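In what follows, structures are represented as structure tokens.
What follows is a pair of complexes built around chain A, which joins chain B in one and chain C in the other.
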Partner chain A sequence: MNPEKFPLLSPIDLEGLSYCGFITVKGQELFFQFQHEDSNLTLRNVKLYGCPNLKRLLHGHENALQQRLEQCTNFSEFFLDLKDLLEFIMISEKPEPMPTGRYYLSLLSELNSIGWEKLEILDPSLRNLTLKLSDSSSRKHSIHISIPTSYPHALLNARADIPSISMTQFQATNLKDVINYYSKEFGNFQEVWAMLDDIDLNTWVLEPDKPKRSDLMRRIALGNHCSLKIEIDVNHPRRECQYELFGTESLIVPLHIKIAKNWNNWDINLTVRRNFENILEITFPTFQTSLSSDINFDCGICYSYHFESTIPDQSCNNNKCGQSFHRVCLYSWLQAIPSTKKNFNTLIGNCPYCNDVISTTREQ
Partner chain B sequence: MVDPVSRRLIKELKDYQKEPNPDLAELSPVSDDNILIWKAVLRGEVDTPYEGGNWILRIEIPKTYPIHPPKIKFLTKICHPNISFKTGEICLDILKTAWSPAWTLQSACMAIRLLLSNPEPTSPLNCDAANLLRCGDFMGYESLVRMYTQLFAINQSSEYEGTS
Partner chain C sequence: MSMALFTKRLAKELSDLKINPPVGIEIEEAETFKSWKLNLDGVDGTLYAGERFALEFRFSPNYPMESPEVVFVGNIPIHPHIYSNGHICLNVLYNQWSPVLSVRSICLSIQSMLSSCTCKEPPPDNSHYIRTARSSPKLTQWSFHDDSV
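Moving on to the complex of A and B:
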């Protein structure tokens, strides 16, 4: 150890293995202590103590520090490396300016004017807040607002969960405008949400897992591994909408025939769910009624429902089996067994459950 | 995010714990930090020479499970025409070519249990036991099996725990 090189450090034990003192980085003097656990001269097991400021600077750089400790052969080398690391951190760190007094004053008066009962969450930095709002059908909505530091000179950024991409973001000068804007927007989607709520309440929705207010798609369980996917039209929520049927072919074909026969009977005064029930001539099973009968929609190979954002959309055409699979799972299974026949990118093999013929294609 | 293999195994574990199987005294991962190595304890079937015995199985699950079958072997010594007396290796079609993802660890263990009372002496791993059967000496076969069950599988289970 060379005392001229590090004038602010002094040894604290007789062997000269531990030191304490100050490290000077960019004019700042940071206290730290360096302690060897054993007499082993490698730096692998040393402990580093430091002042709060040093700790703050090194926070998130623990891996880099560990790496340097492992690479350095002696203390002087490590000390120089630590100094480099701290300098690098200080340069890359850009302190964010604090909001001015006017920021807090205007925020306070804004909240007073809209009423504090509307405030749901206010984060400790006072930079982000969430307002809660009920619409005319007493559905609860949250509006997330982030406030720039230069507020009230800059605009507030507001964001809410509504089914229109262009309308979700909104900028305003004050909170009252935000509330007025979204109250109006929420009003526009009443019909859409009424249709979706009717589906959520009276059917077993397989997808999305936890529907958000912005989700217009629903995948509804029909039983026997079959399901119906519909997407509500945001502009005409009561009108005929896009649909797709999934499941065993022999069960799906009669449903397609019923749709072809009854599609013209769509009644705009009924909800979308009731229309589909009339057209398909069924009642959708609800989650409660389905729990007793063991309808299982999970993939027969990986045993889960969601797999890398896909759901089981392949199923065995044997009526008595009807087991569903993820395309990826079924493909890798068929690929693994030697008896599978390959025809371009279609694999033809046997269902792992009933041994009937099953085929699948690789994802397009 | 849990990988798909672990997810399926966790589900299988839950299914076993929800409905414990009296013929399978135990079925669980050996340690908390590796879900790919399991241990099972088979109970010998009543009215067979295996009655009263408990056999420990070691189950190694490949990362490609359930596309590929688990590797299962006996840790407790067992006398059976299709199970190696030395290594505990099992000759059973579903653990090799006839595997399908429809099998679970539990059902595979139950298939092994069924193999105990339905030996296949034409493809033996234990020739001595198989030869007795092939000669039609059922009395000799049964008493040999009963002796090894008595020697290794009754009240001896703790001795083999921890071996791998």
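Moving on to the complex of A and C:
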């Protein structure tokens, strides 16, 4: 250690493993302590302690710091690098204007007026908050609000998870308006959510993985590698909705015939789930009943369900087999087999499970 | 793409082997997704009862589109389809491989191949093979003719 270079730094143990002192960057003196974890003096395993100001400056630059620690061979080199890094951070830092006193006063009075029990999260900077609201069917909703520094002169930005793109974001002058606006919006979607909750509760939903309040689509397991995808109409939640059937042709065709026969019996007094059960003349398996009868939806090649945001949508048409695969997995397997026939971008080969003919096309 | 596929699938196979291990098969070492070592016990009531063998699986990033390289290491069983350098003559390891097969099913195939053996003797062309074979059994042109053992 060169004392002339670093006059404000001194060793604090006999072995010279730890140092403490001040680093001077742009006229600011920052306290820090540096400790080797093992005695072989490499910089791979060191601990750095610092004053709050140093911590704040280095926050978000942990990777850069780690990289420098790994590259430097000795402490002096690292010390100079750290100084460079801190100088760079200080220059690039744009200090954000602090909110005025009126900001905090209005925030406080607003929270008093709406009631503190509605406040779920308030971040330490007092700039973002989350309100929780229950709708008439006691579903819990969160409203995320970010407050500009110039508040109350600027508008609040609010956002909530509702199934309408144009309505999710809202700007208001105060929290009360936000609550009134979203209470009304949540009221508009009661029927939609009632339909979706009925599906989520009584069927095995394959997709989306964790449905959000804004998701109107559900893909429901039917068993034997077949599934039904439906999308609730946000304006007419009880009406006939769009659907699509996936799975082995031999099992899907009879279902299509039933739909053609029973589609006119749609009863808007029943839930969407009940209507589909009546039309398809089945009851949807739930997750619990399916666990015992081990319905397997995983891809037969990669053994997983989700793969790069795709799900197994190709299935073997032999209804004794019916194994499903991801398009990518099946395509790359068939491609590797010399006996596979190729017709434009369709591959025709054999199912890896039952050896029946199976074909697939490359992802569009 | 295939990278994610192969590690994901091996992770699944590994947890399945750990949670639900087949009789007489035990994971010795599976630290990486490059190669695993498994112990295989000779089944009671067969010629290999009481013996323990070690299998080494080597995976390429194309797994499961491509078969793993499987050889015996250490104590090599004397069997008409197992060469003394550890190479195994078994069609599912080469041209009959399919992604349906797994480490578990390969182990079970080898276990049953050992169990159905009636006479402990090396392959007839053993001395010639071990002199000419390359390190990977997948580079050998295998011909499969004997289904009895």
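For the reader, a short list of remarks on this structure follows.
What we mean here is this: the second predicted complex is superposed on the first by the 273 of 364 C-alpha atoms of A that agree within 3 Å, B and C clash if a C-alpha of one lies under 4 Å from a C-alpha of the other, contacts with A are read in each partner's own complex, and residues count from 1 in each chain.
Throughout what follows, a contact is a pair of C-beta atoms (placed from the backbone, for glycine too) under 8 Å apart; a residue touches a chain by one contact, two chains touch by 3 or more.
In this text the structure is predicted, and so the values were computed from the model without any measurement.
Partners chain B and chain C clash in the overlay (superposition on chain A). In the superposed model, A:332 makes contact with both chain B and chain C. Once the two complexes are overlaid on the shared chain, A:205 sits clear of chain B and of chain C alike. In the superposition on chain A, no contact is made by A:156 with either chain B or chain C. Judged by the touch definition given at the top, the superposed model places A:279 against neither chain B nor chain C.
Residues common to the contacts of chain A with chain B and with chain C across the two structures: 300-304, 307, 329, 332-333, 336, 352-353.
Across the complex, chain A meets chain C through its residues 300-304, 307-308, 328-329, 332-333, 336, 352-353.
The residues of chain C lying in touch with chain A in their complex are 1-2, 4-5, 8-9, 12-13, 62, 64-66, 98-100. Chain A makes touch with chain B in their complex at residues 300-304, 307, 329, 332-333, 336, 352-353. The touching residues of chain B, when paired with chain A in their complex, are 4, 7-8, 11-12, 64, 66-68, 100-102.
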